[in-house]
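Both of the next two complexes hold subunit A, though its partner changes from subunit B to subunit C.
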Partner chain A sequence: MAAPSLPGSGLLKGLGLTFKTMLSPATTAQYPHVKPELPPRTRGVIALMEENCTVCMLCAKECPDWCIYIDSSKETVPVEGGRTRTRNVLDRFAIDFALCMYCGICVEVCPFDALFWSPEFEYAEYDIRELTHEKERLREWMDTVPPPPPLEEGAVPPAEIEAGIAAARKEAEEAVAKAKAAAEGGGEPEAEGPQIDEELFARLVAEGTPERAARAKAKAAFVKAQKRREREQGGDQ
Partner chain B sequence: MSETLPHEGGVILPGGPGEAMSVEIRDGGLVTQEMNLNIGPQHPATHGVLRVVIDLDGEVIVRARPVIGYMHRGFEKLAEARDYRQIIALVNRHDWLSAFCNELGVALAVERLMELEVPERAQWIRVLMSEWNRILNHLMFIGSFGLELGAITPVFFSFREREDIQSFLESATGGRLHFTYTRVGGLKEDLPAGFLDASRQMAATMRSRNDEYRQLLLGNEIFQARTKGVGALAPDVAVDYGVTGPTLHATGVAEDVRLSEPYCVYDELDVKVPVRTNGDSYDRFVVLLDRIDASLDLIEQVHEGLPAGPVNRKMPKTVKAPEGATYVRTENPLGQGGYYLVSDGGKTPWRMRMRTPSFSNIQMVPELLEGSLLSDMIAILGSVYFVVGDVDR
Partner chain C sequence: MATSVFALEPLWLALLLQALAALLLFLIGAVVVGYLEHKVLAHMQDRLGPMEAIWHGIGQLPADGLKFLQKEDIIPTAADRWVFALAPAVAVVPGVVVIAVLPFGPGLWLTDLDAGIFFALAASGVTVLGTLMAGWSSANKFSLMGGLRGAAQLISYELPLVLAAAAIVIQAGTLSLPGIVEAQHGFTLFGVPMIYGIPHIIGLGLFFVAALAELSRPPFDMPIADSELIAGHMTEYTGMRYAFFMLSEYAGMVILSALATVLFLGGWYPWPGVGLPEGAAGMVLGFVITFAKILVLSAIMVWLRATFPRMREDQLQRLSWSVLIPLGLLNIVLVATAKVWF
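Presenting the complex of A and B:
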């Protein structure tokens, strides 16, 4: 350091800086009055998109703190012209934020995009039991989930996200084209539901094949034929 | 002193409440009694729950014994019941001031066992994040060391910068302290747009701020009187005790894992290791300031050289390290960190041993304290940089 010219000069130099800082504008965050602007990736609270949840339990299994509670039940869904199917119904989905360590593993492992991070953080409670957010509360947090930020230059977006975006774009374009065609063609309604090859069905039933098997075969034949037609059309273009 | 304690061959110290104490000096000179004193486990100077039991002869410390274990949470055992992704979230927490460097060590160990090649861009970003984490850590100690010596301003300054750095690290990682940004095979996700600009700006600000810290404290006569020549550590003693990091560099030994066993892309960068020679509290503090500058140099090199590309490898759903063992050393902010990972081929490690820098650094606290004055204790404890969570694990 500088030669000891005057006793206390070093101290005064430091104090001079303190004084200069005193005159510069304060950097204090005026928190309760001014809300902080948090980046979209902030791990504030976990939101649940209940509609996307298939009760696969991956989040509950992967959670290092075991703070996700899931109850589910099986529901039978009758299917017309087929076996009845069973479906998992989400009865309870709760996250205990008193235990959660905000690592984000549940959000990362969710294969169906049912869990999201939201930067909201003001949910302190006087009673610790209130920190267990049930699915209704977790669903409400969904409204605060921001879209993911764009990536830095030179970044390669993950393949599954690119594929998802491409698929969504294609679907949207098709829907637009369809709507346009429908508007131009005078609104000719398209047949809905699975169609079958009536000719084949009639022949198979006449031959003595059981009706269900005949219907399945006829349906497969129709789908095959439709695909061939589509392929030929695609080849023309 | 309420009672008169007899002392063999010495003086009798009379004195009770309301009584003036008179000391009689006989032929052998003043004989005093040793006094046993507990510092901690709750003490403002100990950065957490460290307890130091000292024996005092007057004001001179005769014996000092650090008592550790108040924060033992069994990380090594916990890791045996967690898969590798969960371990990364776990090791964020033993040394909470160097979260990114810790998780990097675990990821490197698993990647070495699996013989994985991590994408180039991920390695560069890992270096960038480690260096910012190093600066965050050093800022904490710069601020608190001033505070412990009675200067309250440095901590305001350093926390102002910490806040800014944490804010832009949060935009990339989502966390301010526990980043959980590394994954085995790369990173969680790429940097968000605007991160590099914020990083460049912060690096420039940080450079000028670092000069302010120097101006604020180093010239201060009180600061110099309290730290120069206090707690001097000899290089051979430091090496014997396994002391690493800034505490070692202050003694003149330039051992740094980033140079001696480079990981990530440190071999492509120009790593400077600031070294001082006296090994006292003052030098340990100056080394911290110099290390911030050295880290800023590295950060600027990363800004220049960051390649484009993916940051992640395609990984199986459950990461399983093949059977075997490996030891990975990393240069953590406080010194050398190491993970010895033994895997039996399952999705959790069979054993994970941690070598934490704070644990080795705290071993030589008795060496430094014995023979020094009680009033220097804080200057010594505050400059042997350790985090108690990292000591006890």
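Presenting the complex of A and C:
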């Protein structure tokens, strides 16, 4: 049972509450004058990192609204000393934000980190056609993409980063081991610089062979000679 | 006693100035109280209210007025045209008329009627006729219900209002509003100069509650009751005619606050027994003090609006007939006894 209270005390309590609210600062955000503080993963607009795009068309295919328009062409790239390669060139990349429903599937599905969310949202237009942002406009949105938020403490880092760190650590350990071996054994110091057969390289360049090809041949010769040396040493023992 | 500053020769000049002053006071009072309501209500609801017009939204009400002027004036086909068109004026004019007898400072009244309080209450009662006319002529069942509720509310609450005022008239011994202020100035309670509002606390409460109901302000806004009746009698109104109803509501707040100030809070004197300087300085100071008291009372009206939910129609009637009116009669008996006793 509630404690007996004075009649009308509830009315006074209500008056007190409204008075207290009046004295506390209002929560209203003065939007056009004060920009809102948006969370870093806000889905405002989609930005395109054009350099990363390989025209794989995954985003356009996955888009539920079909609001991504991609045109591309093939370009042949001549390769010296090899067959010519073909490369995809992005001619048009446009997102129609009048159709887009901001599901973010395109950003999720992009395997090459070419699409990003930006928290910018002030791109309303008087004409609906203006809402189709071409790749130049989408590239400009890239400048507004915030850096990825830091990982939580104790979180497992992404696989590719972990692999990179492991490779770097292994390399460093090897370098340390090598340095140790050199200091202790005083053995044959490792050849500095590119391990190629200098004599053969110089001869081939003199004969007019292209430098790249000459270097490759000289390296092959050096490796062959080294293997032979190792075999001979093994035979001795 | 001081005479009105408008007691001028020739008569036509005095009349012109009086009409102009009444209209100006009406408009300025309504706009100031309207802005007060916008802001106080907003902050009580954790908002900021109007912020864009000029500075902190002080130009919001004039801007709204300009907007209303530009709007189309729609009269429903089935409406009773003449009554429909006349109703907003009937709601507004009593407000301007009542201002004529309200004292806003020493000498700052348009006319000093011998039956001032009687005239003020009678004239402000006419406002509800506008509500009733609007409700009837709109040919809309929600409007009609709003109008009838307004009429029922007036009948119920005019009584406690008059009873509360009658007790003060008995105390002061005069019906004239400046006369009541002067009588209150000389009033002492056990030798201490005192405003009527403290010994007459019952009367003040009665008057204030009845005034809220007279204005159909929340929690007594059944005639408008937006969640039940759309906007009651105002449902079919647009543009300037709608603005007139809003204006009469805000002006009504000013008028009834001014009446309460005169009857219970000592009018233009800061406190009974504390005098004002002679001449123009006293007038300005008296006007400022009166207006400050009016604004405080209006702010309390807004405060009540922000806090309490709307009452039900039967609760409203029960409160008036079984609580306020008996209390009002008892109050008169007490005051009359005390007046004879001391």
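Following the convention adopted for this analysis, the second predicted complex is superposed on the first by the 135 of 237 C-alpha atoms of A that agree within 3 Å, B and C clash if a C-alpha of one lies under 4 Å from a C-alpha of the other, contacts with A are read in each partner's own complex, and residues count from 1 in each chain.
Everything below uses one rule, namely that a contact is a pair of C-beta atoms (placed from the backbone, for glycine too) under 8 Å apart; a residue touches a chain by one contact, two chains touch by 3 or more.
For clarity, every value in this text was computed on a predicted model and none was experimentally measured.
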Kindly classify A:S24 by the partners it touches after superposition: subunit B alone (first), subunit C alone (second), both, or neither? second
Could you tell me if A:E62 is touching subunit B, subunit C, both of them or neither one (first, second, both, neither)? first
Output check: A:G14 vs subunit B and subunit C. Expected answer is one of first, second, both, neither. What do you get? both
Using the superposition described at the top, determine whether subunit B or subunit C touches more residues of subunit A. B
Applying the touch criterion given at the start, work out whether A:Y102 contacts subunit B, subunit C, both or neither, answering first, second, both or neither. first
Looking at A:P39, would you say it contacts subunit B, subunit C, both, or neither? Reply first, second, both or neither. first
With the two complexes superposed on chain A, say which partner A:A155 touches: subunit B (first), subunit C (second), both, or neither. first
Both subunit B and subunit C contact which residues of subunit A? 11, 14, 17-18, 21, 27
What does subunit C use to touch subunit A in their complex? 40, 42-48, 51, 303-304, 306-308
Within the complex, subunit A is touched by subunit B residues 82-83, 85-86, 89-90, 92-93, 121, 153, 157, 160, 163, 167, 170-175, 178, 180, 188-196, 212, 215-222, 224, 306-312
Subunit A - residues contacting subunit C, complex: 11, 14-15, 17-19, 21-22, 24, 26-28, 30
For subunit A, which residues count as touching subunit B in their complex? 1-2, 7-11, 13-14, 17-18, 21, 27, 29, 38-43, 62, 64, 101-105, 108, 117, 149-158
